[in-house]
């Protein structure tokens, strides 16, 4: 079977997450998060972030994690500032607007998928009347939808702009581990120490079967948040199956090792692509995603051979995402297939 | 470790669900439900219900299944008729109201946890002006929150009343398998053939780690429902881990075998309780839950010995729920502990 | 034309409100509440309540006033405690649930339409788990839906219970002026000095064409409330037509004079009814509404003669509401018609 | 007092609307729209639009009219296509998102404030997966936020594109009368005959004190809409004061006469501006609004003299709106003041 480069959620469960899940599957456990595994997983996250006072919640998926976190930071008549390519804007089917009962997203620009800090000022200054929702939150994605990462300095700058304007700060960390592995920073350095108040911490894309965590570094912001999760259909009854995998992932740096591996596979792919004439990388490759400009006919041939990936932006953009499960051979086979597809395309009679 | 009678969601994953989950954990699979396992599970449900045109969706938990299904059947200014003890009213923290943006629940009465069909007429007739939400849906729980079951004839009666009044019909089937096993009916007979249009079909309480199904027997009611799930944070990216267990459960009647076992354990407990003087059963025991009147001091002693169960209605009510994992020895040990607790209580000096 | 006793909103505009409206209809005025009349009306309300720091907002109707005020005091996963006969529960078509995105109302009992303070404790104590919405607000109606009034002592008791339990307090004052006139208290004594934090202050039923005020005695609770009004379609562009009538009403005690008149008409009616054998008053008559038990056939005859009023509770209950516009002759004519209807009914051959 | 060119909602009540309001202020009338005036006004609208089957509702303001109408045409996981300068996007504080519980607005381009029909196709084609809200409605503003009008042919083209793609059509007609007067069309020609299904029909800006109408040309789309209005706080108790002014406005073409007058004042202003060197009109002047590029320092001097108008787009854009109440002298005085302000500015010593 071909490796599926469409996303890092096409891979299965990584061994350590599975082992913990199976370990948790013994006997009865109190439901709704009152079990031992959930307590242990929460502690592991607090420890990983060096933030003993953090409040931790486990929910089912990333749309819910982001939407619930944002909804807890604002009211329906407020607005949330994000990059114009942010997942909350482009791929959650209006989830943030739904959970918050109407909060608008304000779209900022910035190179390489990273929100320019000055955009926050611009979007806040643009309107100050009550006929337009009042900005209340800034949300960033780390690593970004373009496969790049915010450095600690960049994060601190964005958060400083937000703080100066009285805005809350949220991080969509669906691929936070990839950013950590890329930058070699500590989790604290890349989150609350840089000014982030609340984070959606990704589990699924790192190798878990289902589930993300929401971490409130500022515990007062978490008031009654358990009720919010319950009402919104995000409280698992057999919670141990969401939480135990975190225990497996966070011990002995497993999550970072997997993320580093995924990043290395992306780098390998990027390096291979750079060798191929006519292929252009669209963004710096800093995490586990590679965006490249590839002739549409070549893409078709690749897909015909069974390779799976998403188009991006326009017909010649293509996105390849690696994961804990990607093997060097997968990358090499993809590169080989690409080279062959290019040759075939060049040899093919031009369609008109 | 004591068996935990608090609920049927304290037990782990049943062997067949786990086996299927592990079988699904091989290689890459398309995400968001486009995988083979999800197709296979949907087919298995359609086949089990003898309803080839049914539309099937897999979501994370019961609150979401019920709330999304109900929201799809009405608007915010409508109302939903349910039994006053229904889970949607008593245990979902306003989930139905949240997902539907304000729909009110109208509470009907009925013996043994079963909605009296005449209550539907009463609640609809009570108001007909626009200052009160217009009834639009009837929802039933099968098996009920009191551990009883609606017979096919009772279901047909309720649905006939609903239909006559132009109301949609929904079944909360968190413990539908227990009702099937209890009555020996076919799934079709106990759902769409009796007049049910949409069902929340329970997985977790039957032995799965996470996930419920929503089944639209009337496929036109499912229009754009996939968008609704996505927006509401209920579309799993690694969907195979929600759907594969259904394949394991539905093959060769596994779900019914487990449900029958759970029911038998409840019956065994009920029979044991009947032998104990002073203990009174509060409802007929027709599925996998037993409600009994037990002196509060006796309950305290039971809990002190490590037995877990919920109080119910008032201080002398107690609920015991069995599952696929309950063993006869668990039941017998509980009964023995109860007898001892009673004797100790009688021997204890009276307080004040 | 018969006077219409169906409600105090069937009457027209009282002279002082109309005069102010016409006075405001000169030349241009800044829109959206930035006009002089709105400033003046806000000041008049602050002065009437002896609460200089109060924040005042003008909205279109009572459902909006109540729903917006309650939504500002809680989140969707909270609940609001009210009397089981409260307007927010019985006559706003789920408005509070809609504006708050799902907040549940918890219904308390109490004689004569007044919430028993102990019911607050009962409803809060009933549940303390996250599977049920957490109580956050108590709302009272003054004068009540039964035509009675809370004394200052009763108000203080209810608010003390609420405060002890950490709940916010709101008053639905659609007929607040009637309560003031009835008790002879100051507005402050009957609101914030008794512990009320936010009030919906009725205008329409007192004689205005359209509009109610929301008064935050605790100004920090009003943060960003103007945005909430705007988003919810409750910001009038030509605000002066909502605010100017308040200026007319609040000068020289006009609102109290009208309310006292309406109350006197209800008392006149009640006294007349007491003289008629077989008629029973259902509640003490303390404001501008009279509830009486009148034989259903008699009610039919009254209606056939053109008298308009609402049935209440059951077929023999009838509600008559007076207003600033009710004349003694209207009351006397109604009483005369009632006496005639009774005689006719007694003379009529028994049906069947 | 200076005439206020900030908007057409700064003017008062036009004589005919006021006369009808006062005529309606006699005696009692049934509340909540069951009165004679509301029936008469509804009929007058049906007649004006030559659409006997139309369903008509009266609500308080334009945000509510637009938001309720749009919410009735889609679900939270759908999206609404509008021009990027549409009022629903720029000036309703997220009202459409709130009333629909999260529906996203998709922004299309188009010259002179008019949505290019091809933008509908582009926005629909852009995404077809469930991770992005599904387009369901197109909404147009007539006359537009730029003071231009859609011709019948343009309207038909937009509606044809919408229909081909299965989208509903809504018109924000806050200034519909101005478009009618400008084009000399019949109301039917400019609405349902062109393909519009639902319209928000403006009253306030035409000279009424408060209130807009929602007109469903396709009556099946209005099912249970009265409940929606009630729940959302948009059902007036003394409805006659919202509806009677429509009777006054629609008789003998009053609304068109006023609109034509307002348009003529805008034209007079535009012609005057064209005579002034250095002033540039930003859009064709086709209704009652004029947008001009005027040096920022000149604008400041105008404002210092007491003239009121809004900036637009950037510091040199200015918007002037005329109404039924604008007098030729107001326009001429504004022009004179502008000329003087320009001369003063030229004479002033350059800053720095």
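As written, the chain order gives the labels A, B, C and D, with residue 1 at the start of each chain.
Keep this in mind: contacts are C-beta pairs under 8 Å (C-beta built on N, C-alpha and C of every residue); 3 or more make two chains touch, one makes a residue touch a chain.
Just so you know, these numbers come straight off a predicted model, no measurement behind them.
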Could you pull out the chain whose C-alpha mean position is farthest off from that of chain B?
D
Distance between chain centroids, defined by C-alpha means - chain A, chain B (Å)
34
How big is the gap, in whole Å, between where the Cα atoms of chain A centre and where those of chain D centre?
42
Residues of chain D whose C-beta touches two or more other chains:
76-77, 92-95, 98-99, 101-102, 130-131, 133, 227, 230-231, 235
Indicate which of the five shapes (line, ring, star, complete, other) describes how the chains touch one another.
complete
Footprint of chain A on chain B - complex, ascending:
1-4, 6-7, 9-13, 18, 21, 25-31, 59-64, 67-68, 92-95, 98-99, 101, 204-205, 209-210, 227, 230-238, 241-242, 308, 325
For chain A, which residues count as touching chain D in their complex?
76-77, 79, 90-95, 97-104, 130-133
Over in the complex, which chain B residues touch chain D? Could you list them?
32, 75-78, 101-102, 130-131, 133-134, 224, 226-228, 230-231, 235
